[in-house]
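In the two complexes that follow, subunit A is the common piece, with subunit B as its partner first and subunit C second.
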Partner chain A sequence: MRDYPLENRGAFPPHVAAGAGASISLAPVKGGFVIHLLGDAKSDEAALKKALAKIAPELGADVRKSAPNQWFWVGDADVSSDRLTEIQAGLPSQFALADQTHGRVRMRLSGPSSRTVLAKGTMVDLSADLFAIGQSAMTQIGHIGAMITRIEDDSFELIVLRSFAGSLWDELNHMAAEFR
Partner chain B sequence: MTSFRIDGGTLIDRNDVRRFTFNGEVLTGFGGDTVASSLLANGKQLVGRSFKYHRPRGILTAGAAEPNALLTIGRDGRRDPNTRATMAELFDGLEARSQNCWPNVNFDIGAANGLLGPLLGAGFYYKTFMWPAAFWEKVYEPLIRKAAGLGRASYDPDPGYYEKCWAHCDLLVIGAGPAGLAAALTAGRAGVRVIIADEGVQLGGGLIAEGSPVGGKPADAVLADIIGELHALSNVEIKKRTTVFAAYDDQVFGAVERVQKHLPEGEINPHRAMERLWRIVARQVVLATGAEERPIVFGGNDRPGVMMAGAMRTYLNAYGVAPGKRVALFANNSQAYQTALDLEVRGIEVAAIIDPRTCPNIDYDGKARLIAGAMVRDTAGRKAIKSITVRHDDGRDEVIAVDALGVSGGYSPIVHLACHRGGKPVWSDAHVGFMPPENTDGMTPCGAVAGKAGIADCFADGGVAAVKALAELGVMGEAASLPGVEQTAETVDHIQPVWHVASTKGKAFVDFQNDVAASDITLAMREGYDHVELAKRYTTNGMATDQGKTSNVNAIGILAENKGVSPGEIGTTTFRPFYTPVSFGALVGASKGMDFQPVRKSPLHGWAGRNGAKFVETGLWYRSSWFPKDGETFWRDSVDREVNTVRTKVGICDVSTLGKIEIFGADAAEFLNRVYCNAFLKLPVGKARYGIMLREDGFVYDDGTTSCLGGNHYFMTTTTALAAGVLTHLEFCAQVLWPELDVRLASATDQWAQMAIAGPRSREVLSKIIDDDISNEAFPFLAAREVSMFGGRLKGRLFRISFSGELAYEIAVPAGYGESVADAVMAAGEEFGITPYGTETLGVMRIEKGHVTHAEINGTVTPADLGMGRMVSAKKDDFIGRVMNLREGLVDPDRPALVGIKPKSPSDKFATGSHILNPGEDVSLANDQGYVTSMCHSPTLGHAIGLALVKNGPKRHGEEVVIWNGLAGTTVTGILCNPAFVDPENEKLHA
Partner chain C sequence: MSSLVKCPHCGLRPREEFTIRGEVATPRPDAGADEALWFDHVYLRDNPRGEHREYWHHSGGCRRWLVLTRNTLTHETSDVVDASTLKLGERA
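Now for the complex of A and B:
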C-alpha cells in the first residue's frame, strides 16, 4: 500500500491565529477531545453524575452538561481511537458514547470584555455571580448553536459544530472588533 | 448667532461651536444642541411642510413626540429620513433637509393643496377616486402617494455596523427623570442589579429644564450629585440615548441605543455599532416614562411659532434659546405658568397668559397679563405666527401681536409600555388623562406617568416605587430623598379639559403629522365611524411615525365631547410596539450582506475548492455543484463529463452534508421499527437498509439509510435538508411518544467527512486505501461496517450504498481526516481516471436511476405513489403514519404516481413543473394528469429525461402524453416510461 499522507486538519484555516486586544482575546483550542456521553434516560441524573465523577479524572478532563442526562466530556489530551475503544468498553453500562472530537470545535474568548461580546450573541446571563466557573449552557450565539462554559473569571470556552466554526469565528471577531 | 440665543443653557457648551447645513444654508450651533434647538437659535421657525396640505410647520416639542420637525439628516448610505429634529444631536458637518416640499420649504408648490382644504377632508380620496376601479392601483394611488408623504429612504447601503445585544438586571428603570433617578438610586443603594435607560443625551428628564432651585440648590447641581452617585454604584448600569420601545412577555424589553448617530463621519469607529438593539430581561421594572404635554385644538394651532409650553421651557433653560421675543401662553393648567416665570426671568416679554379657567386659582406673581376664561380661536401669519385672536368670556375678540405661542392642554401619561402586553389604560377625571392599567404585573409606574406633578412629588414617588419593586425581589430598600426638600401634601392641579376651542376660526389641527383637523373627526362621526379604532383609520389620526403622541387623547376627547360621554367610555386605540420608530439597521443588526446568515462548510470544503469546485448554497451549506476542467465553459460541459466518467470509470462526491445520527440504546431497533414504515427490527449487524419515514398523516416525511453497527448501535443518514428536522422528530418520539424505550440520539453530522465513491472502478480505488477485504463476497451490496484504512493508521465506516445506481460506496472518516482521505482517493483513482463530481451530477444520476429526492417527496406523496408501496410493512403492529396511510384518499389507485418521462423526439426539451395532459384534451384542471417533478439532460441516453407524478402512471408506461408548460406557453409530446432509465435490473449495484 502506498504511503498516503494523513493529516488531521482543524476546522480553521492554517492562517487563523488568536487575535488579542487590550480587553479581549479569541483563540482556537487545538487538539484535545470532545466525547458525548449519553446516559440512560431512566436513570437518576445525580447517580449518573456520580458515576461520571469516577471516570472523568483519568483523562484530566471536565464534564459539561449538554442536555438532561447527557454530557460533553472535554479535555486537552489527544485520545487515539484505540484508547477511545478502551474507554467505551470500560464505561458504566448506563452510558453510551459518541466521539465528537472532530464534530465539535472549541474556542476560547477571554478578557474583561468577554461578557459584553458574548451578550451580543447569547441571551444567557453570564454575570459572575450567576454563572459560576465550570458552569455550562447550551445556547445560541446569534443564529449559531453553541455551548458556553465559564473557564476562568473572565474566560469562556465555546463549543460549536465544526461546520459552523468559521462563521462563529468571524462573527465573534466582528463582535469583539470594537475592543481591539 | 442670532438674538434668539440667550444666556444659560445647562446642556450646551458655548466653547464648542458646530457648523451644519439646513437646506443647504450654513448655520452654527453648539455642542449639546439638538438640531431643533440650533434651528430655533438661528431663528428658523419654519422647518417643514405638512403631510397632506403642505402647510408650513415649525418645531412643536422638545422631545420624542415631535410630529412636525421631521428632517432628512445625513447623505448617501448614512441618510436617515424622518428624523425628529428634537432628538437629533447636532454635530459638526451635519446636513439636514426639510421633507415633503418642492422646490423648497419656503416656496412649496404642493401648498396649493391647502386651497383645496375644504375638499380634502377625511375619506376624500376613497370617495373621489372610485372609478374606474383599475385606476386606483395604477394611477390614483401612485399620484396620491407622490403628493403626500414623508422622507425617502436612501438606496445606498448603510456603511455603518449595527448589532443586537442582551442585558439582564433585577430592576429596569425606564426613564431618568426625577422619578426614575430616585428609583435607580433607591435600588442601587440596596445592591441589586439596576439598569436605568433614558432616551435623552443626559439623565435628568424634567430636572434638566428646571429653572428653579430644588431644595435650595440649583437644579443642575442636584442632578449632578445624583448622576455622580449612580456612576459610583458598580451595580447600576446607565444607558443614555436608549429608548425602551417595547414591553414583551416574560419581562423582556426592547430598547434601541443610539451609539454613534451623533458623531461626525470622521469620528465614527467602524467597529462600533451605530445603533444597538437591546433585549433587556428584567425581574422587576419601574416605569418612569413621564407625561406628554398635550396641544389644544384651535384655529391655526399649527402655525410655526406655536409650541408646547413645556418645550419652550426646555429650550430656554437647557439650550439657552428664546422661543420668541414676545410670547403668549394658552394653558388650561397651572404647570404652564412656570414657563411664563422662566421667560420673564430671561427678559422675554410675556404678552398674555390665556387661561380658559375662569378662576385659575394659582399663585402666579409674574408680570404677564392674565386673561382668564378666554381661549385662543385663531392665529395669523404666513410662515410664522404674527398674532393670535383671543375670544374673551364676554364674546369679544382681541388680536394680540406675538411671535411665539406656548400651549398646554394638560398632560398625557406615557403609558405605552404599560399597555404593550395587552393592558388598557384607565381614564382619570382628576388627572384629565389616561393612566396606566391597574395591573401591570412586574412593572411599577411612578412619577408623572402615575399622575404625579412637580420634581419633589415625582422624586418621592420614584423612591416608593423602587421600594415596592425591591420587596417583590425580596430585598429591603429605603426610598431615596432629595436633600433639603420637605415632602408636602400632594398638590392637585385643577385642569379644565379643553379638547377643541368651539369658537375656532379656520382649520384646527388634532394630528399635526397627518393633517387631521377637528372637522375630520366630526365628519368621521357623522359618517358612522365613531368607534375610536374606526375614527383612527378613517381619519388617519394617530398614525405614522409619531403614532399620535400629541393627538390621540385630543381626538378621543373630541369624540367623547360630541357623543356626550366620558373619554374613558371612548377608550384608546391599541398600544403596540414600537414606542418610537426604530431603524431597520438596528432591527437587522449584523445580519446583512455576507453575514445575513451563517455559512456551513463541509470538512471537504477545502478539498473541493482545491479541485476547482463551483459552490452552491443549499440551505446554510455551501456544496460543490460541479468541478469544471480547463476548456469547460458551460456547467453542462462539466456535468456531462462527470456523469460519463462515473458511469464508465469512477468518481468521488462529498456527501458530508447528509444528516447523520448515532442511535444507541437497548430499544434502538424497536424505536427504528416504529419511526420507519418498513421493517427494521431484524436488521443484522453490518447491514444498511433504506428506510422511509412517514408523517403522522401518512405522507412521506424523509428517506435515508440506517446501518446497524453493533448490538445497540445504529447509524442513520437523513437528507441534507431535513437533518435537523429528523433529529427533532426522533427526539420527540423518544421523549414524548415512547419514553419507555431506551434510546439515545446524538447528532454526528459534523463528526464525519463522508464521500461517495461511485462507478465500476470504485472497488479497485478503495481497495488501495482500505485494509479489509471489500470484494463483492466479503462486502456485498448494503454491507456497512467499520474498516481499517491506510495500513491501520485510520478507522472509517464503509457503506455499500448507491444513489447513482452504480457500484458505489460511501466512506465516512473523522472530519479532520476528510481532506487527506479525499486526496488519497483521488490519488488512488488517478490510474482509473477518477473525477470529483458535485451535486448537479449527483442529481442527474439519481434521475437516470429513478431515485427520488424531496423534489418528489414533496409532502403530498405516499410510499405507494413513489412505487414503494410494498415496503410499507403490513406485519408491524404500529409505526408512525400507519393508520392515516390507509385513508381512502391515500390508497386511491388514480393517485398521481411516479413514472419516467422522455420526449418523443430526442431533440425536444421540457421543464420541471410542466403539467401532463392526454393528447387532444383541453388545458384544464379537470384534464390534468400530473406534473413533472424533476428533469435533466441525460448524458447517458443523450436526451432529456424526467420524473413525474402522473395519475395511474406505473400502468401507463409507453403511453404518449402532452407535456404542457403554462409559463412558457409550449407543449412537447412525451412518452411515459419506467423511471429507472439506467440499469433497471440493478445489476450494477450488485456487481
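Now for the complex of A and C:
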C-alpha cells in the first residue's frame, strides 16, 4: 500500500547477504501485500481462488489457509486502497477482506539446511514428502506465531506480525549460524 | 518432548501452541434455578481421575476453540473436536 501518509520502512535490520556456498540464507521480502480473507462457514477455497483470479488477475491468487474459512492472500504487487475496495465489491458477499500489509511481513529462508533450522523452532513436519510446495501451516517458531509456506524445494516463506519480525529475524539467524 | 494434541484443523501439534481454558461445564441452569445449582455451575469444578472434557484454544495455530477429551491419568486425548460442533447439539 502506497497511498497512506506513512513512511514505508522495512521491518528488518540492514540485510547481510549470505556468503557464497552457505547452505542457508535468510532474506526479507520487500513490498507486496498481505490481505486477510475471511469467509462464512460455507466458503469454498477453489471458488474463492477462481473469483480472485477473475477480479484481480494482475495480483495472482496465492491464498494460504490459516484456519477454517480464513486465508492470507499474498502477492508482490502494490495494491492501492481504491483497488482493494473494487476487489471487495467484486467478491461474493460471503467473503471479507482486511488489509494486513502494514501489520504482517514476509521473509524467506532458503537452502538445503532450511528444514533443519526451522525444526529447531516448530514441530510441524516440513519433510518434502509431507509438506508439499504451496502448502502452509500456521504455527509457532519458538514463542513467535508465524505462518510457514513452502515455496520451492528447499525454500520457505514466513509471515509474521511486524512487531515480532525483528525478533524472529534475530532468532533465525542464531538458529542458522552453524550452517553459515 | 511435550504432549501432542491432534487439532482437527491443523494436525498433530505440541501443547505449547494451545491455551487451556478448563472444564467444559454442564449446560447453563434455567434463569430461575436454585442458587445452589448456579453456584455449582459457576464455581465448582470436578477434578476427575480419568476422562475429562476441556476447552482448549489453538492460539498458536488456527485460533479455533476445541473441545478435548483427555485422560488426566495418562494424558491421552481420545477425542478432539471444534467447539462449534457443540452448538449443533449432539455433544452439549
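Keep this in mind: the second predicted complex is superposed on the first by the 147 of 180 C-alpha atoms of A that agree within 3 Å, B and C clash if a C-alpha of one lies under 4 Å from a C-alpha of the other, contacts with A are read in each partner's own complex, and residues count from 1 in each chain.
What we mean here is this: a contact is a pair of C-beta atoms (placed from the backbone, for glycine too) under 8 Å apart; a residue touches a chain by one contact, two chains touch by 3 or more.
This is a predicted model, so every value here is computed, not measured.
Once the two complexes are overlaid on the shared chain, A:138 sits against subunit C while remaining clear of subunit B.
In the superposed model, A:123 lies in contact with both subunit B and subunit C. Within the superposed three-chain model, A:29 lies out of touch with both subunit B and subunit C [touch as defined at top].
For subunit A, the partner with contacts to more residues, out of subunit B and subunit C, is B. When both complexes are overlaid on chain A, the residue A:98 reaches subunit B alone and has no touch with subunit C. Comparing the two complexes, residues 70, 123 of subunit A contact subunit B in one case and subunit C in the other.
Interface residues of subunit B facing subunit A in the complex, by the touch rule stated above, are 161, 163-168, 193, 269, 271-273, 279, 281, 590-591, 595, 597-603, 606, 621, 662, 664-665, 712-713, 734-735, 739, 742, 744-752, 768-769, 771, 790-791, 793-795, 814-821, 823-824, 827-828. Within the complex, the subunit A residues that touch subunit B are 1-2, 4-11, 13, 36, 38-42, 70, 81, 96, 98-104, 119-120, 122-123, 125, 127, 142-144, 161-164, 166-168, 170-171, 174-175, 177-178, 180.
Touching subunit C in their complex are the following residues of subunit A: 66-68, 70, 123-124, 137-140, 145. Listed in rising order, the residues of subunit C touching subunit A in the complex are 1, 9-14, 16-17, 60-64, 82.
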